Amino acid sequence: MGKEFNKVLYDLDSFVYGKSLYPVKLKNGLEIGGGLILPELNFTLPNMLFNESTFPKVIEQYRSIIDEACKRAVELSVPGFVAEVELLPDATYRPEWGIEITKVVREVMYEYEQKHQLKSGLRLTPVDIREDLNSEHMWHGEFWDKIMRIFEEGAKAGADFLSIESIGGKDVHDEAIMYCNIKQSIFGLGVLGCMDMKRLWGSITEIAEKTGTVSAGDTACGFANTAMVLADRGYIPKVFAAVIRVLAVVRSLVAYEEGAVGPHKDCGYEGVYIKAITGTPISMEGKTSACAHLSPVGNIAAAVADLWSNESVQNLKLLGGMAPTVYMEQLAYDCRLMNTATKKGHSAVLLLRDLLTDSDSYYDPQAYVLRPDVVLKLSAEILKGKDHFERTKLAGLAAIRVLREAYENKEVLISEREVPWLDMLQNEIESIPADVNVFTQEMIEGNTSAKFEPKKYDL
Amino acid sequence: MGKEFNKVLYDLDSFVYGKSLYPVKLKNGLEIGGGLILPELNFTLPNMLFNESTFPKVIEQYRSIIDEACKRAVELSVPGFVAEVELLPDATYRPEWGIEITKVVREVMYEYEQKHQLKSGLRLTPVDIREDLNSEHMWHGEFWDKIMRIFEEGAKAGADFLSIESIGGKDVHDEAIMYCNIKQSIFGLGVLGCMDMKRLWGSITEIAEKTGTVSAGDTACGFANTAMVLADRGYIPKVFAAVIRVLAVVRSLVAYEEGAVGPHKDCGYEGVYIKAITGTPISMEGKTSACAHLSPVGNIAAAVADLWSNESVQNLKLLGGMAPTVYMEQLAYDCRLMNTATKKGHSAVLLLRDLLTDSDSYYDPQAYVLRPDVVLKLSAEILKGKDHFERTKLAGLAAIRVLREAYENKEVLISEREVPWLDMLQNEIESIPADVNVFTQEMIEGNTSAKFEPKKYDL
Amino acid sequence: MQELLNKIAIGIEKGNKKAVLEDVQAALDANIKVESIMNDGLIKGMEELGAKWKRNEVFVPEVLIAARTLTAALEAIKPILAQQGVKPKGKAVIGTVKGDLHDIGKNLVKMMMVGAGFEVVDLGVDVSEAKFIEALEENQPDILLLSALLTTTMPQQKAVIDAITAAQLRDKVKIMVGGAPVTQEFADEIGADAYTQDAASAAERAVKFVS
Amino acid sequence: MQELLNKIAIGIEKGNKKAVLEDVQAALDANIKVESIMNDGLIKGMEELGAKWKRNEVFVPEVLIAARTLTAALEAIKPILAQQGVKPKGKAVIGTVKGDLHDIGKNLVKMMMVGAGFEVVDLGVDVSEAKFIEALEENQPDILLLSALLTTTMPQQKAVIDAITAAQLRDKVKIMVGGAPVTQEFADEIGADAYTQDAASAAERAVKFVS
């Protein structure tokens, strides 16, 4: 570990949205976590080809998306916002393209800053193309180099925040989800994932320091959100997805150990734990990201958020305007409401936070584990572990315990057929050896996932 | 007037969302305004032809829209909802089509009620095709008959609430908006509109009584929302649009004088006044209807709503699912939050209502006139008038006065170039003769709108 | 001379019909070329107002009143224009397609077209293919503008274009489409010559077609 | 006999590989027709599980384990099936198109296809047109399934279909497309034979193509 995080930094009274212990401030004055919750707008291309010949059209899409959204933000007196450029694969495989998109989007944002005093920042998120079948190693080679080049040149082209949805460990974790294999999941998140995060975020932080940008953080999207989406369709148990969310905390925390300072990425709902443990600001998404995926955490996700995101929406024409503009408006109103409470005073903030929390937490175990009180409690449990591996196991066990108690106290709805899973998962976790090397060996030998190649991790 | 409304029914403490003095209850137990705020989902076809040969596809669109939305509602434990079928012109010109759509949608809703205890009601809204160039009279003839036939047979096909966005007086009012001619506007709303509403809603209420359905109410959409959309683009002054909204109260109230009992239609933001004056429940739309039109009243619109609507969204595929399903989710979470406050107690409700209110009311005069306190105050002023005409003039003058005061007290943002409009509008209104017949004569003689034919109103 | 033309332009901007008509007469009396009166006086005033509108400095009623004034002034000099063979900037036909009664957007486009110096024939709302074709034959416009506000009447824009093609008139006219649900992609798909998002840019685009 | 077949079906549902293999052997020993063992035992068990899955009564892991068991059992009786000339219900090739690495949806579809009795060749993710064509030539499947999860890889489904047409293989195979952003309209547009929204209905549709 670089930085060490060993204690929970908030009590329940100070753990609120819009305010974090260590706000992040850009040169233009935009501050995240400094008091206000702000929109983070995300957008993507409509159904279209992305290649050499369509690239001018692609650029025009991005330009017009951000232009119209900024226009609406000004009209609604939005006090500041973040735009995320989450690159598509094509724009990552060809870094020039990703960099050009970044530049064009940022230019429009500067324009609105100058003409209309609309402060904003740009989060740049390349695809983690190390997942490519041809990628031979996690930490060097063509794919690694491309990602690093995008970060470096993207930073020069105007990116403010560097992020990625990294996939170290996902090679075993995809299968873990499909088979609800919690041991494999812990291997993916608590061993491979953490190993990879360390290398990856060490490098990203270096680039951020060199370029004067912000090393913002990751998300366990490919792990916990995949599980959430599958659970939402009834494909896997919700309690399994809830436990995965908590397991993911340790992995996502590694970015901060390696120097990231936030805001944590929107789709990483484990961000609430990151905030509790590191004091950095976080981005979250909920009901207003239904455009990107339905979820059981529509309101509760906002309870302690510093940025409020729509995750992603295609540039389609809705009756009211282009979809990204429509979502800018929705985010703006959500944030307005929350900031009005802040203006009214701390007790209004606490009430609103608790309403957001209580409105969801009963209906789904995945919502329950995002309750601010539960987050503080579980964070303390997690931090008792001495290393990533132990922390991940503790995270799982503590989450199971808390869910079982809540179920017994009728504080959370768990369907009957899911209840036995709590014991099953616990037994599985308890059967994991204490020594990480023994465990690793065991998992490598018993591996059934065709995607996983130990030597990519120098194993 | 049939029923007479002469006093304001709420004080500020009791004027809240989800609860109205005279809730509306369906046979299946669904109650509007009885304590909970519920979603009202609206949807429309994507870009497609609507004719004989595409009709099977049209039906399949409606069926799948409501099916997927109901599915999500069940998953989110929605306690009940209303679906609005706002027919497109083709389905009004051919009543069989409109009736068939109603039947198919209602059947799916019944199914979810039986299988999943999801209570719901259907609002049926034909197009007011009396606007057709070939329509010879407002109150009889082919077009009138078709509308009435849809109401009657639609009721038998399963509609629960009957509504329309009626257009009496719009023939002069379209021009009034474009030229910001407030006299013409008062003629359209306070004279022609009220005359027409009386005849129209007398008939609709009769049909509702005969068929055991609910005479729900109208909206001044064609008047005040048209103004709002134009103001939002900076085409006309916002203060003008705000005044139009208040003028519209008297017109929309006529439905209730003629026996309507609510819920008032979503897009009629004047509904908050209707609620204050009649005690009937209302539907409103705000941030979560940005899909249909952007607006300056995203949060405040919810402050005293009993149903919460998305106005309309095409059946397009967003990344998270079909757009109507996505909007069902968003509405569900909005309502959950508000109902959680209700469970917490009255003071939480008041706080949330005030946050919703205060978050918007400063930024736009159109939001300001929706403030619950302002609504109660202006309603009292309006009711001082002895007839529709006088009430409409009083509405305009009172709205102007309140806006001027608020501007002076820095309670509302009015751009400098709009300030003189307040005086201009006031002078115009004050120049209107006291006698409605004199005024009518004057307006008919000076008429410049090609669409207006007095004889359609027996004038 | 420049002074008088400026005065005319300002008169248009203010929508002061009486003054404009007087000033136009004065200009004619002063032997200023009628073409110059039109372009450097009347239309220039309208253009300046249009630019203000685009910058959100004036409201629609002001533009509408100016457009009315412009129309009256053009009407007054029409005989002289005709006599001297000066043609208007172009001719346009506009209408909302069949099944659709929305007309506010269309009216604004018309207003800006007039402001840009076009002679505009307005067919109103709910206009069938046949009526559009009739109007093309009768007026021989440079530009046809189709408005549609409903997702179910957008395809009617295609029907109109197809009918015009079938009537072998397609290459005689530039067709522009617009309205809230319409997009550039859709315009391309149905073979329109242009789409724009709002009234001001619609007129700008139209001017390009005729110059 | 019925009893034994039922036992096999239940064994599949439970994913109990050892028991199923034993029961299958017992059935063969009892001279039960191998076709019946396959259809009324193995696949029936899988169908019942699939139905439960559609009713949200079981989770994916259970279906996956059953599918694995089914595959093992089919493998065991393969020589006998071949010898008696009994063919599998059909053959399918599946893959996620070029540029797209999402595979969970595709894997679920594959699982349901296996469960429905298909022999499935899985080409994995990021599969080019050429690879699809190669697989068609090599495996001669009844059905080709294309998955795409990105708005920018959906058009790649069209590219694959176009390439297959160009290779004159289009009439030899039914092509199904799917993935979150795909719609029926899009499927029609690009000339696919079918689209379905989820894995269960994909397999149902596929069965219709081969029966």
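A, B, C and D label the chains in the order they appear, each numbered from 1.
As a working rule, a contact is a pair of C-beta atoms (placed from the backbone, for glycine too) under 8 Å apart; a residue touches a chain by one contact, two chains touch by 3 or more.
In UniProt terms the chains read A, B = Methanol--corrinoid methyltransferase; C, D = Cobalamin-binding protein.
Quick caveat: nothing in here was measured; it's all calculated off a predicted structure.
Participant: Farthest from chain A in C-alpha centre terms, which chain would that be?
Facilitator: C
Participant: Once you find the CA centre of chain B and the CA centre of chain C, what distance in Å lies between them?
Facilitator: 34
Participant: Using the average of all C-alpha atoms in each chain as its centre, how far is it in Å between chain C and chain D?
Facilitator: 60
Participant: Roughly how many whole angstrom separate the Cα centroids of chain A and chain C?
Facilitator: One centre to the other, that is 51 Å.
Participant: What are the residues of chain C that contact at least two other chains?
Facilitator: Chain C, residues with two or more chain partners: 151, 181.
Participant: At least two other chains touched by the same residue of chain B: list those residues.
Facilitator: In chain B, 44, 314, 319 touch at least two other chains.
Participant: Can you tell me, using the touch rule above, whether these chains form a line, ring, star, complete graph or other shape?
Facilitator: Other.
Participant: Give every touching pair of chains, nothing left out.
Facilitator: A-B, A-C, A-D, B-C, B-D
Participant: Which residues of chain D touch chain A in the complex?
Facilitator: Spelled out, the residues of chain D in touch with chain A are 56-57, 59-61, 64-65, 99-101, 103-104, 107-108, 124-126, 150-152, 154-155, 181, 186, 198.
Participant: Considering only the defined contacts, which chain B positions touch chain C in the complex?
Facilitator: 44-50, 88-90, 131-133, 174, 177-181, 226, 230, 233-237, 314, 417
Participant: Chain D touches which residues of chain B in the complex?
Facilitator: These residues of chain B touch chain D: 317, 319.
Participant: Chain B touches which residues of chain A in the complex?
Facilitator: 44, 72, 75-77, 232, 286-294, 296, 298-299, 312-314, 316, 318-321, 323, 325-327, 329-330, 332-334, 336-337, 339-341, 344, 348, 351-352, 355-356, 358-360, 363
Participant: Can you list the chain C residues touching chain A in their complex?
Facilitator: 151, 180-181, 183
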